[in-house]
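Same chain, two partners: chain A is paired with chain B first, then with chain C.
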Partner chain A sequence: MTRKNVFWATLLIFCMVLVLATGCGQPANAPEGEGEGEGPSAGAEVVKVGMVGPLTGGAATYGTSVRNGVQIAIDEANENEDIPGVVLELNAEDTEGDWSKAANAFSKLIEQNKVNVIIGGVLSSETEAGGPIAMGGQIPAISPSSTATGLTLGNPYLFRNCLSDEVQASQLAEYAVTELGFEKFAILYTNNDYGVALKNAFEETAKELAEVVAVEAFMDNDENFKPQLTSIQTKGPEAIFIAGYYTEAAKIAQQALEQDLEVQFLGADGFYSPVLMEIGGEAVEGAIFTAGFHSGDESAVVQNFVNKYRELFNEEPDMFAAQAYDAARIVIAAMKSKGTSAEQIREGLAETKDFPGITGNTSIDEEGDTLKDVLILKVEEGIFNRIR
Partner chain B sequence: MFFQQLINGIVLGSTYALIALGYTMVYGIVELINFAHGEIYMCGAFVGMYLVTVFKVPFVLAFLVAMIMAGLLGVTVEFIAYRPLRRSSRLAALISAIGASIFLQNLALLVMGPRPYSFPSPFTPKVYKTSLVIISKVELIILAVSFLLMLGLTFLIQKTKIGKAMRATAQDKDAASLMGININRVITTTFAVGSALGAAAGVMVGIYFRSVAPMMGLMPGLKGFVAAVLGGIGSIPGAMLGGLLLGVAEVMGAAYISSQYRDAVAFTILIVVLFFKPAGLIGRFLQEKV
Partner chain C sequence: MFSAYYLQIMILVGINIIMATSLNLITGFTGQLSIGHAAFMSLGAYAAALATLKLGLPFFASLLFGALLAAVFGVLIGIPTLKLKGDYLAIATLGFGEIVRIVFLNLKITGGAVGLRGIPKSTTLLWVIIAAILTIFILNRILRSRVGRALIAIREDETAAESMGINTTYFKILAFGVGAFFAGLGGGLFSHYFQYIHPGSFGFLRSIEHLCMVVLGGMGSMWGSIIGAAALTAIPEFLRASADYRQLFYGAILVLMMRIRPEGIIGERRSRRKPPQSKDKKLGKINIFKVIGR
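Let's look at the complex of A and B:
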């Protein structure tokens, strides 16, 4: 009996260790590959760059993309010795998509790892939790993807490199009415910060210019949208604005097709992923959405990034990876122009103007928010084409 | 619109019912809530997807192999995580079940990565229209297969020798073992059959929604558990009824009350039912064995 218990306890501990090791192992191995850069630049100053985001859990796909994007930017800077005498080291922390873990991650990076700058959080809730901690520790943070309204207000240490939800959704609504000529809209939104902000902005603009006939909600990771679509179908809209991410959007389009609901699908930057077409197939053909990045862009900087990403990670970069790459490059540019201390990086970030990123020319305004163009993309024959 | 929503609910509910059967069978025999069941559902879906997309196996074969593999996985989980704890407190086994669930989930995340995988439908998309409802071919297949599997299960339990042994074990484990029933074999079979049904649901949901993902088992696992409790945990017809009811309730809640409170409506129904019938709709309270 007791021997059995001992055996069991050992097995349990072994399993726990395994889960822990694998859970944390992923972020840890990222810097290791790089940190060994002792050979050429021995004696160089090591500057730590923190990264906070979901590397495991339901939102892991976004966090992993961000880490990969940052990794490429840092590798490039180290290879080209962009900042003389300095080797950058990436310290990635997992949040599992949980805001309280994000707060811990910010504290850990600032107090234990002694990073000079943090790229993150990824989800808006993570950045909301981590922003005040960054300000308290006087370490600048730049989020590559947190689009919540007013996120950076009143926090001189917090910046972001992505379009706010409002700007995207209201510009899209305007475009759909004036350019595409739609008059009856339905909205299907995911019930989180992102979806609600998009819904509110789209609804406001669309109501001014045309009519919104139905508004329905769904939850993250929902798979079945038939009840909402059946309700929407009875109202007869011409276009449905899906305020959510690509997995759900693809399934919504698919299920709409299955019940003979033929409408134009509209969306925001959450659509931007090849997975949209992989799952959605025929059903997402013709969908129109706003984005901050277009990997089909033929400029050399974009193609350089896309090729490197494919080579290293064996998949197509998404918007999160591109914005993270730009965010990291903006940080590196700030270090180059001002210096590598936290305060110098903060000054450099605040002064960013017309930075030629792969997600468009980027400036940072006095509130730490981003100013850049909104692209409008359309799914045509299974690829994204830019239509504006 | 009402009939359309009813169909939507029944299709969703039949997948919940298949998942609920796995919970209820295991509970009936070993009085354990197998929280890893949602993950077995997910693993089944992944096996099916892999066989179809990578190995180009015909769908029907892939479906059967996924059920067998998931059955083996269920038995393995039982052997590693539950069997050593069979004589310890029930709480220990429950925690072990949660541990197994988290372990499998994270394992899938590590091996497969976090992104969803496309599961191409093996059927040509076709929609049947009547004046009242629109139903797709996939939906009809899901309904038919679920119904057949439930029929098969009922046959297995009511008419076969192993089914009789299962019923005897559920009633009184010690007495059954005194009658010469090999309890371990019964438990293994229960886990295998329950897990295979979960995998069947996983594969069908996979083709229905055209995707599989490591976290896909989380909510359906929970809903299947709720369906089992709603019908009366331990009761097989209860799980089927509970699953269908939960599916319809969820869809009707979303359609007529608010899509924002879809899950809230479903869970409120659960609470109300349990308030009036604490043992679930068809469940019975058995005297606690001493």
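Let's look at the complex of A and C:
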């Protein structure tokens, strides 16, 4: 009995030591990396860049993409010595996808790590909870992916670098009417915050310019869309806007083909995944949707990022990674033009104008919101091609 | 005095002490397994936030309003579900928790999936300390009274308690009501600290976290819940240093803790209701065994 207890106690102590070891490992590693990175300009000032997002839990895929994107941007800046005499260091903190833990992460980065700027949060709720803390600590924060309406209002320290759902949907509606010449639309939306925001904006713009003949809802993970499609078919629309994600969109397109409903499919950045073609096949051919990023873009900056990402992380970069990369580069540009203190970075971010990012030319308006071009992509022979 | 980060951890520790001790009243002392405690917390959080935002009530009144509303729901939910026992009650409370979360996710007044923002930051460490001490004091008084003995009697043996003239349904609902009241108080402090609330933080995982605090500290021990709440709030923050392995270590600590001290840090070692074995019985066993062996 006692021997058993001793065994477990030893295991516990071993674990504790391991925790402490990894804990101490981090700060010990940092100066090492520094020495390697810069070589001659030793004694350079270290500026810490924080990152907050879900690195574990159900939303971990988004957070990890964001961290990877930021990492590439920071490594590039250090290699090229973009900011003379300054070495950037990434401090990433996990939120588990829980906003109250995001608040802890923001506080910790500001108080303990003494970061000068934070890239995050990733989910809208994380940014909502972290925004007031960033303002209280007078540290600027830029979210690469929180699309909630009015997020940055009334907070001079909060910025974002992503397309809002509203902007995407209304620009697509305009494009579909003026460029593609459609006049009768139907809308199929998924009943969550993403789907509802897209639906509302698309419906508003489409009604002004043309006609919306049917609006139907579905749930995430639905399998059968025949009832909605049958109801839509009787109204005879020319195009269907699917406000949802690629899995459902692909199934909708297939089931529409099965019942000979020949229409143009439209969508938003929720379509952006190779899975769309894997499930949809022939049925999604010709689908047109908006996106913030196109990895097939042939410009040198995009290809440089895509190749580096593949090399380092062994996977295709997604929209989150691209927007995070741009957000980090916008921060670096702000440091270059103004300086590296928190206040100087904030000023620089607020004055961002026509920044040439891989997700389009980006400006930041007086509310801290982003203005950027919306890309429009089309599925052609099983791949995405940019048509605008 | 402290940096804002440590202050924040201490405030969270205080709120979690309120949550854990109030759950301990239900689960540890009355023996009713509840995994819907976060639902009462969210009721208190939303009610207090809306009382401040829409009705313009002062902070103290909002807190009380949130706590009372949670208590009302605790009683309302208690009446139909407390006829259930053990696992069945656990599943029912789980279902209740999910219903509350989904309702908040879809209501217009709570901001739905966007959440509620702009709540004034009224919660200070002093408020949290006062609330926590008050909670512990009141719960202690209840437990040392006739009511407390009735609750413990229900935990030990419900049938025996009933046969001794204890109205078990009444006392179980009372425990749920009081537990929900303090959970609502914790929720009100929570929403007025973060200035923002979203249903995503009051899911089933949060309820499990509260249950872990109670079990790790020791079921049926007031000090156990306090230490459990402090430990499980602080440990994940200290483990931030180990970055990617954080959740792994956290899980390992829980597993090891349960393996070494299943009764919790301060829990009393309780006999598992085995009748005491007399020497005669043992002898009898051996004799029977020998007989069969031959």
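Definition applied: the second predicted complex is superposed on the first by the 257 of 388 C-alpha atoms of A that agree within 3 Å, B and C clash if a C-alpha of one lies under 4 Å from a C-alpha of the other, contacts with A are read in each partner's own complex, and residues count from 1 in each chain.
Quick note on the criterion: contacts are C-beta pairs under 8 Å (C-beta built on N, C-alpha and C of every residue); 3 or more make two chains touch, one makes a residue touch a chain.
Quantities reported herein were computed from a predicted structural model and do not represent experimental measurements.
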After the superposition on A, what does A:Ala176 contact: first (chain B), second (chain C), both or neither? neither
Contacts for A:Ser231 in the overlay, against chain B (first) and chain C (second): which applies, first, second, both or neither? first
Output check: A:Thr61 vs chain B and chain C. Expected answer is one of first, second, both, neither. What do you get? first
Look at A:Leu276 in the shared chain and tell me whether it touches chain B only, chain C only, both, or neither; answer first, second, both or neither. neither
May I ask you to decide whether A:Ile332 touches chain B, chain C, both, or neither, giving the answer as first, second, both or neither? neither
Just to be sure I read the superposition right, which of the two partners does A:Ala73 touch: chain B = first, chain C = second, or both, or neither? neither
Partner chain(s) touched by A:Gln254 [first = chain B, second = chain C, both, neither]: first
According to the stated criteria, A:Met219 is in contact with first (chain B), second (chain C), both, or neither; which is it? first
When the two structures are overlaid on chain A, which partner does A:Ala129 contact: first (chain B), second (chain C), both, or neither? second
After superposition on chain A, the chain A residues reached by both chain B and chain C are 5, 8, 11-12, 15, 18-19, 22-23, 26, 56
Of chain A, residues touching chain B in the complex: 1, 4-5, 7-8, 11-12, 15-16, 18-19, 22-23, 26, 56-61, 64, 191, 216-219, 221-224, 226-228, 230-231, 233-234, 247, 250-251, 254-255, 257-260, 275, 278-281
Residues of chain C that touch chain A when the two form their complex: 3-6, 8-9, 12, 112-115, 117, 121, 190, 194-196, 198, 200-201, 236-247, 249, 252-253, 256, 259-260
Using the touch definition up top, name the residues of chain B that touch chain A in the complex. 1, 4-5, 8-9, 11-12, 80, 84-85, 87-88, 96, 99, 102-103, 106, 109-110, 113-118, 120, 125, 127, 129, 134, 136, 138-139, 205, 209-211, 213, 215-216, 218-219, 250-252, 254-255, 258-260, 262-263
Tell me, which parts of chain A touch chain C in their complex? 5, 8-9, 11-12, 15, 18-19, 22-24, 26, 55-56, 92-94, 96-101, 103-105, 107-108, 110-112, 124-125, 128-129, 132, 136-137, 148-149, 192-193
